Every structure is written in C-alpha cells, then in structure tokens.
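Chain lettering (A, B and C) follows the sequence in which the chains are written, and residue indices restart at 1 in each chain.
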Amino acid sequence: MTAPARIARTTVSQVLGTRRLIGLALLALLPAVIVFLSTSRASPASRLETFAGVTVGFFFSVVVPIVALILSASALGDERRDQTLSFIVLRPIPRIVLAAAKIGGGMAASWLVVALGAIGLGAAMGLRHGDWGHVVPLLAGGLIATTVYAAIFAPLGYLTERATLAGLAFAFIWEGAVVGAIGALASLSPWRIGFSAFAALTPDEVLPYVPDLALGNVMPGAGGAAAKAVVVLAIGVWATGWILRSRDLI
Amino acid sequence: MTDQGVVYDLGYRPHEGPRLGRRAAIRATVKDGLRRMFGIRRRARKKVLPFLLFGVALLPAIVFVGLVFLTSQIATGDVIDTPFANHASYFDIAAGTVLLFCALSGPELLIPDRVEGVLAVYSSRPMTVFDYLGARAGALALGVGAFMLVPQLLLYLGFAALGGGGFLSNLVTSSGDLLRIAAATFFYLLAYGAPAFLIAVFAKRLAPATGVYLGAFLGLQAAADGFSSSGTRWAAVAALSDHPSIVRDWIFDRTPTQLVPVRAGLDAWVSLVVIVVVAVVTLLVAVRRYRSLM
Amino acid sequence: MTGEHAATLDPAVVPNPTVEVNAASKWFGQKVAVSGVTCSFGPGVTGLLGPNGAGKTTMLRMMVGLVLPSEGTVSVLGKAPRQNPQTYRNLAMVPEESSVYGHMSARRLVRYAAELSGVGDPGAAADAAIAAVELEDAADRAVSGFSKGMRQRAKVASALVSDPQILVLDEPLNGTDPMQRLRLIGIFRRLGQEGRTVIVSSHVLQEVERMTDRVIAMVDGKLAAAGDIAAIRSAMADIPYRVLVESDEPRRLAAALLASDAITGIELAESGFHVETSDLRLLGTTVPAVAKELGIRLRAFRPEDDSLESVFRYLVHRR
C-alpha cells in the first residue's frame, strides 16, 4: 500500500471512532426507518410523497451535511488538535499528495456512512413500493454532495475548531433559509448539487412530489453534478495543499 | 547522602486577602463561562460565530423597529400590534440562532474542562458538583437570555416609543408582555439548553458534539413528523424543537402554531412536561457523571 | 575551507554543516520567539539549551519545517525542508508534544512511520526500532495506555525507524526513568558517533553534558552562547571562577592567599574555603605553591562552577 493510501486508510479509522460511527450510522439510517415505518399502510402516491419529502427534507439537507461536516472537518482538524500533525507532515510526501490523502480519507469515511443511509433509504422504498431503482440515484447524489462538503470543510476543519458549527450554520441558514427562498443561489448549495444528480437518475414518478426548494434553478443532471463535485474537490485539494505548504503547522 | 534539609525562601507570599468562598467561586465560573461562549479575551476568530449569531438574532428586531418607525411617519395610530412582528412571533425568528448558539455553547462550557483535566481545579475550590454545573448552566442561561431578551427588549421599547399612546403609557400597557417573554425564554432555554448539556456531558470533542446535537434535534424532528403523521401519535413527543414554541403559544394565549405535536393532537401541557422531563434527566445524568469525575 | 574559517570565527557555526540557520527570526503576533539567530549543526550531538520560553522549540520546529521563519532562512542538507519534502528521507523529529495516535499499538505506530517514510521493509524496520528503545514487551499495546516515558520511547522509535541522517529531538528524555534515560542517551551518543547530526533540546543539563560537549544556548529567543561547555565558561571573563579549597589549616592558607593577585575573593567554609578568581590557571599554580611554602597539607582543589548548569545559570542571569 502506498503512503497516501495508508494515510487515507488511517484517516478513516481515525475519524470513525466506534461511538461516532454508531451515532452517525443511526442518523443516516433514520430516513430509511421513517420511510419504512410510516408508509406501511400508505397509498402509492402517499409513499412517493413521503419518500420525496424525507429524501429532500432529511436525507440530503440534514444527514448528508451533518455526516460530511463532522467527518471531513475532523480529517485534518483532529490531527492538529491531537498534535499528531508533525507525524504526517515530516515525511517525504508532497503537500498536495498529503492534502489529497487526508481529504480522501475524510471523504471515504463520510461516503461509508452516507452510502449506508442511501442504501437503507433506497431499500425501504424497494420493500414498501417494490421499486429498487432509487438506490443508485440516492448513492450517486449522496456521494456527490458528500464530496463537495468534504472538499470545502476538510481545509476549514484544519483552520478552525468551529468548522463543523460554521458548516452547519452554512447548511441550515444559508442552504436552508437563504437558498430555499432564492432559487437562483441553488448552485451554491452542495446538497442541491447532489440532489440534482439524484433527480436526474431516479425514476420519474418521484419528481412531481419533489418540493420546489429542492432544486431551485439547478437543472437535474448527474454529469453536471459530478463535474461540479470534481471541480470543487480539485480546488479543495489545492487549497489544503497550499495551507500545508504556506502556514505554520502547529 | 545527607541527613540535612533546608527550605529556601523563594519569595513566595501566600494570599493574605479575604477568602471569598463559594459564591465568589460560582460567580467566577459563570463569568468564565460567558467569556468562553462569546470568545471574550480569546482570539478574534473565537468571537466571530457567537457574535455573528447574536447579530442574526438582533438584526430583525432593529429592522422591525425601523419599519414601524417609517410606517408611523406615514400613518399615526396604534403600532403596538405591528404587522411586522410581535413578541410571540419573534421567538420563531430567534429560535434558529438560539439552537445554533446552544450547539456551540453547551459543548464549549463542559468539554474543555473535562478533556483538559481542569476539573480538579474546580474540585479543589469551595464548590460542589451542583455549584459547578449550576454555574455552567447559569452562564448558558445568561447567554441564551441575551439572545432572546435583548431583541425582545428592543422591540418592547421601540414599539412603546413609536406607539400612539405615549412612551410611558405604552410601557405600562404592554408590561404584561415582559413576564410572558421571560417565561417563554425560560422554556426555550430548558428545551434547547438541556440537550446540549446532555451531549456535552459525554462528548470528548467540540465539533462532533455540535453535530450530534443538531443531528439529534433534526433527526428526532423528522422521525416525530414521519411517525406521527403515519398514525403513531405519541411519536410527536420526539419533536423536541417544536415543544418550546407550543409552550410559548400557551403562555401568550395564542392559537397554537400547526407544529408536529399540535397536528398529532397533543395538548400544550404535554410539551411542557417533555421539556421539564428532558431537563430533569439531563440534570440527574450530569450530576451522576460529574460526581464520579470531581 | 570557508566552513573551517567560519568555525574559528564563530563557535555557533560548524564546518560542513547539515543544518544551517541563517539570521532566522520568528514572531507570532507581538511575541518574538526567535530573534536573528545564526548557527549551524554538523555530525555529532549538539545540545540546545535554554530556559522555558527561550525559543528552543520554535528553533527546532523551524529546522524541520513545521514553522516557517518570519525572516532569514533555515536549510537542511542545503534545502528548505518545507519546499523539498524529499529532505524528510534524511530528517526526523521527536516533538515535545503528544504526536502519537493513541488508538494504534506501538508497533503499528512505528510501522506507520516507516511506511510514510518510504522504508523498504517497514515491518522489520519497526521491530528493530522498537528493540532499540526496549519497548518490545509493550509493543502490541495501544499507545493511549502508555506512561509518558513509554510514549517518549515510542516517539523515538518512530523517528529512528527511517534511519535518518539528521535527528531533531525536543526534550526527548521527558518522563523517562533513569534506566531509560541512560539507554536513550547511549542511543543518541552512538548516533552522533556514527556521524549523524543529532540536535537535542533539554532542560536536564547533566544529561546534555553526558551526551555532548557542544551546546548552543538560547535566552529570550537569542543566541546566548555556543560551543564547548568549558570554552564558554572561560569566555565569561566578567564572572569569576569559584573554587573550593580544602586543607589542614584553611584559615592560615586563606590569609596567605589574600596577598596573591590571582585571588579576587575568599569565603570561609566548614572544611575549607571558597576562592574566587578570574584566572583559574594562575590560581592552580599559586595555591599549591603557597601551601607548600607554609607546610600545609592540601586535601582538595575543586572548581565549582564550570559545569553546564552553572554556565547556564550565568547565561540566564546575565540577561
């Protein structure tokens, strides 16, 4: 295993402590539990309405930001606060590679938890509605949104201990209230970028039940969403590499 | 090896002033808590979030008073019942920032002392576990109080000043609101502050504690909504963030807002009981845990 | 050639340096941690001394590239480590702070360090490094349960595992028991004798003395002294030497010595007297000569303040 892969793997086990994993996994599975239990006697239309509501109002707008913010902000932030940063930076590894490995580790940990939630939510809909076609769109959308959050909040987590709270304020005040009211700003909402991929891939019958605020002026499209995520990720890696190169690492 | 010993005078002078005792220790702990929450005497970036949130909570009050002033220039009359906002509805505006402030402050008040091993400093003072936890809760109460009461006071004074009946008579007329505001603030504090403390009592790190707190609130809210709308009526008690608004409506004698517990047909007293029970459980758990630590 | 020339001019500079600090300063806001320090380090052990807040840790952090100088330059093997990560193949640090992953076992931690440093056989290298610090018995236990001394040894093993040419150690003996100290001092001395550059900061002056004669002392972020301990002491011409003289008839000998130019002060003690002199060599010939002339038997002639500790004390109090 190469050094960057080893760093990424260690980061996953570092940020996913047992208690944190259990707590976040429970949160991630909650949408699935809600959909599964609350649609037992529901009509098909009601099931779709509940699924769309929970997917927008809880999975994408709450679960994905919270999981990604906590885990990705910890990737570098914990190293700094645990005073272990010197252990990884005093190695013959270029800073940009180190940055990519740490963001990759935080992202992989977030993916694991979000993927669990996405598979659970898709499975709940598959079991109740008989349509398993939601699993892959949920995975794709969830992973894209997670990537964007991780790319932004991994470097921020290094810079400030309050990155998670700042991120959550961003998610709930900016993305929830401001972007919810002004659809033109939807491109500046990471979870909406992920949701646009979900909307493009999921069976069409769900879309009529999706609230308007979920997309704003972002058009459904998996390719565009993935491209945005890649661009943000590249900027995030570059910014983190720059921080590791140009700031005091204490 | 020598059988002789000597103690050198290093110039240390013991404290010869008054010993202020328990009350002063509690006061100092409250003061320290306030400094921590607002980042006072700390680096600038520690101040950014709390003061930003405070600004977000206060700004609408300033805007509303400004709007009332503008409209009072155009049409004279009774502006105490303004169309822009009243005392009860302002709680809805401030609630979001208070929730975030509790997410920030609860962990900040308890976790560093425990993780950095400073609790021994408190135990070596004339303080009990109750004193310590009470002082920390007091700091949170003052912080949340500032978030809720300062904008409300601004509205109260602003509306009274701009109302048709004269400043003093308006103050007297609407003085009953002050008690209602204080009571509602108390229940918001209990409802939002107690869970923040409960999580902070166990968490080791600030950031995850913040995330878990908000995740728990939002997750329980979503679960309560989902389950209660599918027929499990009592699941609505899990809608923790709705309860203080329902109690607020009760206190202000308003038509209840259509929140999850209301839609599930639960009475306002249920919300009151839930808030009190969560607070009492938090108190018991915190005292039990800190008794083993201090 | 230029290095040798420089060495004769300034003891802070060594010939063929592996680590060079050139007019380096570092400030954090209003606080100046290191101020215009120029010095260099070569093969062998060098002690970096200074009281708390002298700037030692900041100096070491600048050397390894954890902290960037606000002014001046620091280079390792001719390059700035921060801009040339490959430098870390030959450079390792044992920081003063925690810097270990508590959830890993010591073996896992040291192996991780080996993997990140690109060591060929990380498993074997980790085992060897753990054996070098005598941590085999606890190697498979989680580091979070270690005592401070065991953590220190795990950190030293993590640094040694990449077989570095330059080893920077910030208070490496903190928390270790006397046996472990002896062992670690032996390791550092051996590394120095092998021609590696070993830079050790420590508060435990006697142990620095046991590791090396060359020290660099910092006070208030500035270079206070550099070079051989004895040479530094003799360079402090303004501070008289203090020597304990024990003899059969101390009062008579002391009275006779007062006439000598070599003596600047005498203080009687229980079994002899303390002599202060600005010329230790002259005193060394005068005292036996006077004693012989008076027929007094001399039992001891012991310089009291050429130890590193007293040198260090003088340096700190001179500021």
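Please note the rule applied: a residue touches a chain if its C-beta (ideal position, glycine included) is under 8 Å from a C-beta of that chain, and two chains touch if they have at least 3 such contacts.
Values in this document were obtained by computation on a predicted structure and should not be read as measured data.
Undergrad: Once the contact rule is applied, which chains count as partners of both chain A and chain C?
TA: Of all the chains present, none is in contact with both chain A and chain C.
Undergrad: Taking each chain's centre as the mean of its C-alpha atoms, which one ends up farthest from the centre of chain B?
TA: Centroid comparison gives C as the farthest chain from chain B.
Undergrad: What whole-Å value do you get for the distance between chain A and chain C if each is reduced to the mean of its CA atoms?
TA: Roughly 50 Å, centre to centre.
Undergrad: Taking each chain's centre as the mean position of its Cα atoms, how many Å separate chain B from chain C?
TA: The answer is 53 Å.
Undergrad: Could you give the separation in Å between the centres of chain A and chain B, each centre being the mean of its C-alpha atoms?
TA: Centre separation, chain A to chain B: 30 Å.
Undergrad: What residues on chain A touch chain B, complex-wise?
TA: 20, 23-24, 27, 30-31, 33-35, 37-42, 50, 54, 57-58, 62-63, 66, 69-70, 73-74, 77-78, 81, 157, 160-166, 168-169, 172-173, 177
Undergrad: Where on chain A does chain C make contact in their complex?
TA: 1, 3, 6-7, 10, 13-14, 17, 82-84, 86-95, 245-250
Undergrad: For the complex, which residues does chain B have touching chain A?
TA: Residues 45-46, 49, 53, 56, 96, 100, 103-104, 205-208, 210-212, 214-216, 218-219, 222-223, 226-227, 229-232.
Undergrad: Name, in rising order, each residue of chain C that touches chain A in their complex.
TA: Contact set of chain C toward chain A: 61, 64-68, 82-83, 85-89, 91-93, 95, 97-103, 112-113, 115-118, 158.
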